[in-house]
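Following are the structures in question.
Heads up, the next two complexes both have chain A, just with different partners, chain B and then chain C.
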Partner chain A sequence: MMRAIRTILLLAGKDLRIEARSRQTLALVIVLGLLIVVVLGLGLAAGQKTSPTAATAILWVAYLFGGVLCFEKTMGVERQDAALGALLLAPVDRGLIYVAKLVTNLVLMLGLAAVVTPAAVVLFDFDLSANPAGFFTVTLMGMVGFAAIGTLFSAVVSSTRLQGGLLAMVVFPLCLPLVVSSTQIMIRLFGEARPLTAHDVGLLGAFDAVYLVSSWLTFEKILEP
Partner chain B sequence: MVSEPALQDCPSQTCGAPAVRAASLGVVLDERPVLRELNLEIAPGELVALLGANGAGKSTLLRALSMLIAHEGRLELFGQEVTKDQPDLRRRIGLIAHQSMLYRDLSPRENLVFFGRLYGVDNPAGRADRLLGEIGLADRGDDPVRTLSRGMTQRVSIARALMHEPDLLLADEPFEGLDAPSTHSLQEWLARLAGAGRTVLFSTHDVGQGLALGRRMLVLRRGSLVVDQPTSALDGERILQELTTP
Partner chain C sequence: MLDWICGKTYWTVALAALAGAVAMLMAYTPVEATMGPIQKVFYVHLPSAINAFFACLLVCVASVGYLAQRKTAWDDLATAGAKVAVVLCTVVLLSGMVWGRYAWGKWWTWSPRLTFSLLLWLLYAVYLIIRSSIESPRQRATVAAVYGIVAFLDVPLVWLSVRLMPDIHPTSVTLAPPMKLTLGVWFLPVTLIVIGSVGWLYRSGRRRTQRRRMLQSQGEAG
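Our next item is the complex of A and B:
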């Protein structure tokens, strides 16, 4: 177990080091996220206060599109110069490669959320203080499920000639139940001022479990050098 | 040059087994047979040259032997049949491919240490430093790989493949992009590896180089093995004839 954790940290650490060195993904994703928030915010509620419902929906749009970009970029690093081949040659369980990529994508998505969410709070006068723990929990659980599917399909799409946009077309429909649930819970938290319930957490947890297990089991079968 | 440590431990029943044994080996890519009915045996410590025209299947054979792609027929490495996920077997294989298989935003040292850790190499930083010295890149060890020339990148790629001291080194045109001194160093290096009991199979387009360096030569034509003989029994003209026969 410790060995598996060390391997995951080694692989994810390598990805994050590459990101820190190149600064390609996070900067791009944050700019995209901010653009989405600003453009949709201005388009939906020019000159008037944005409702919590609209604010949470806009935030999720930013997370989703930013997330897809993260998935493409982190898997693209492995395709450059066929580095993935060297990884597959190594005596490493492919399931651990999947978990490490998932961790990397989650860290980058949380980085996106750390910048885009405060921007939305200011821009939309969105009162996050009503339930910050609920917001954080729903966002994190939604991101885990979304990243689970996105990480899997980024490996599939990156090995085909049909890149650029295909990932979003595949991942968004698959994640629709999770995204709709997350958004509905957010609307209840901030639009209707209800607390986060065990049922809400259980529902998102069930989605996460299904997405994680099915993706982890599938990943090693579809990963090709 | 490299001082070679002892070969990795092997289970008693597989010690003394051929490094490579293939029976009716085939590979199908995109529904097209690329390798057909290959029968091959390579003993530990052999230095074997692999020749063939473009598209003959050299790279595919090396990738199949490195367990990167699926195969048909029977393939054994060090006496163990290659099935699916065999980390212990993977640990004994090194591959130098057409592409560098390096992370271009990391430095050569970071790449080597990373792969060393993946393979569980003792003191990966020390081993990386030693290899960087061997390939003459100690002073460029901390620059990103993307800033290195083609030849330098190739040398780092070779160091990556040797980082975990593999018992079987598969090299796909390893001399491509190397200048004359680096080519000479690599030739010495490969000969020394074989001398230390490690098995080396390298592909090349240069018939003269294959004959001079290899102790044995394999020639592939359209996915089939048409020559498998000691280089001492071959001459350049015969090889060229085999290569150009339609």
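Our next item is the complex of A and C:
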């Protein structure tokens, strides 16, 4: 168990070190996220107060598109100079490679959320103080499920040399139930001022569990240099 | 078995069953008091919805079969299932919209069941788009198989998620005994047509795969 955790940290650390040195993915993803927030904000009549429903929906759109870019970049790194072939030759369980990529993607998506969320709060006068813990719990659980599916399909799609639109097209429909649930729960938290219930957390947890287990089981079958 | 499903006898029986079901719907089934004649779309709607579920299940089973054995027959079967699933979801979606137009005065409402049908349609329409976007047959089959499995696991999640939305859809429909009988009868032609379509699409998919392989081997030899 400790060895598995050490391997995951080693692999994720390698990806994050590459990112820290190049600063390509996070900068790109943050700018894209901010652009989406601004464009959608302007589209929803600038100067008028945006409803919590619209604000959470805009945030989710930013997370989704930024996330897809993260998935493409983190798997794209492995495709350069046949690095994936070398990684697959290492005596490491392929499930651990999946978990490490998932951790990397989650860290990058949290980085995106750390910048885009405060920006949306300021731009849309979105009052998070009603239930900040609920907001962060729902967002984090939503991101785990989204990253689970995105990491799996980034590995599949990157091997087809058909990137860009295809990954978004594959990941978005599969993650729709998660997005629908997250936004509906957010509407209840901020639109109707209801607290976050155990049922809400259980539902999102069930989604995450299904996405994580199915992705982890199939990742081994599809990873090819 | 496959030849029989794709044969004239099978399709004659299926179309005769459909003609019988239509005749029964017109002549025997009473008109529902509240909805009027439009309620009759329900007899197509429900059998199509249940068959759509089985078509999605077929895609999942065939996808697992492909990943386990890497045989193209599984991939062809999954493709046939997905094509039928998309057509059935379209029927469910359109008949649901017609129902909604007369029941609530709008073609579309974000009711959980209509949204569920739309998301299901999107899931399997994307499956077919993915297939047409990837050139390499082996990569196409692998990507589609993984997607087919995850998409089927997604079906109950879609159902759970849309239940969070406000609902105006009837949770149960009360049917008089002749209506129940008509509904039961309608399952037969719809199921026969679905099985026949899957068989026919599977066979044409197999022929395409074999032709491609033949051309490939001829090219390598030449």
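The rule we apply is simple: the second predicted complex is superposed on the first by the 225 of 225 C-alpha atoms of A that agree within 3 Å, B and C clash if a C-alpha of one lies under 4 Å from a C-alpha of the other, contacts with A are read in each partner's own complex, and residues count from 1 in each chain.
Here, a contact is a pair of C-beta atoms (placed from the backbone, for glycine too) under 8 Å apart; a residue touches a chain by one contact, two chains touch by 3 or more.
Every value quoted in this text rests on a predicted model; they were computed, and no experiment measured them.
A.B. asks: Just chain B (first), just chain C (second), both, or neither: which does A:L44 touch?
C.D. replies: Touch status of A:L44: no partner.
A.B. asks: Quick check on the superposed pair: does A:S22 touch chain B, chain C, both, or neither? Answer first, second, both or neither.
C.D. replies: After superposing on A, A:S22 lies in contact with chain B but is clear of chain C.
A.B. asks: Considering only the touch criterion stated at the top, classify A:L174 as touching first (chain B), second (chain C), both, or neither.
C.D. replies: In the superposition, A:L174 touches chain C alone.
A.B. asks: For A:V92, decide between first (touching chain B), second (touching chain C), both and neither.
C.D. replies: So A:V92 only meets chain B here.
A.B. asks: In the superposed arrangement, does A:L10 touch chain B (first), chain C (second), both or neither?
C.D. replies: After superposing on A, A:L10 lies in contact with chain B but is clear of chain C.
A.B. asks: Which chain, chain B or chain C, is in touch with more residues of chain A?
C.D. replies: The partner making contact with more of chain A's residues is C.
A.B. asks: For A:A119, decide between first (touching chain B), second (touching chain C), both and neither.
C.D. replies: The answer is neither, since A:A119 touches no partner chain.
A.B. asks: Report for A:V77: first if it touches chain B alone, second if chain C alone, otherwise both or neither.
C.D. replies: So A:V77 only meets chain B here.
A.B. asks: Touching chain A in the complex: which residues of chain C?
C.D. replies: Residue list for chain C touching chain A: 67, 115, 119, 122-123, 126, 129-130, 133-134, 136, 139, 142-143, 146-147, 149-151, 153-154, 157-158, 160-162, 164-165.
A.B. asks: If we count contacts the way the header does, which residues on chain A are in touch with chain C in the complex?
C.D. replies: The touching residues are 149, 152-153, 156-157, 159-160, 162, 166, 169-170, 173-174, 176-178, 180-181, 184-185, 203, 206-207, 210-211, 214-215, 218, 221-222.
A.B. asks: Residue numbers of chain B touching chain A in their complex, please.
C.D. replies: 63, 66-69, 85, 87-88, 90-91, 93, 95, 97-106, 110, 114-115, 117-120, 144, 160
A.B. asks: Residues of chain A touching chain B in their complex?
C.D. replies: Of all residues in chain A, those touching chain B are 7, 10, 14, 17-18, 21-22, 77, 80-83, 85-94, 225.
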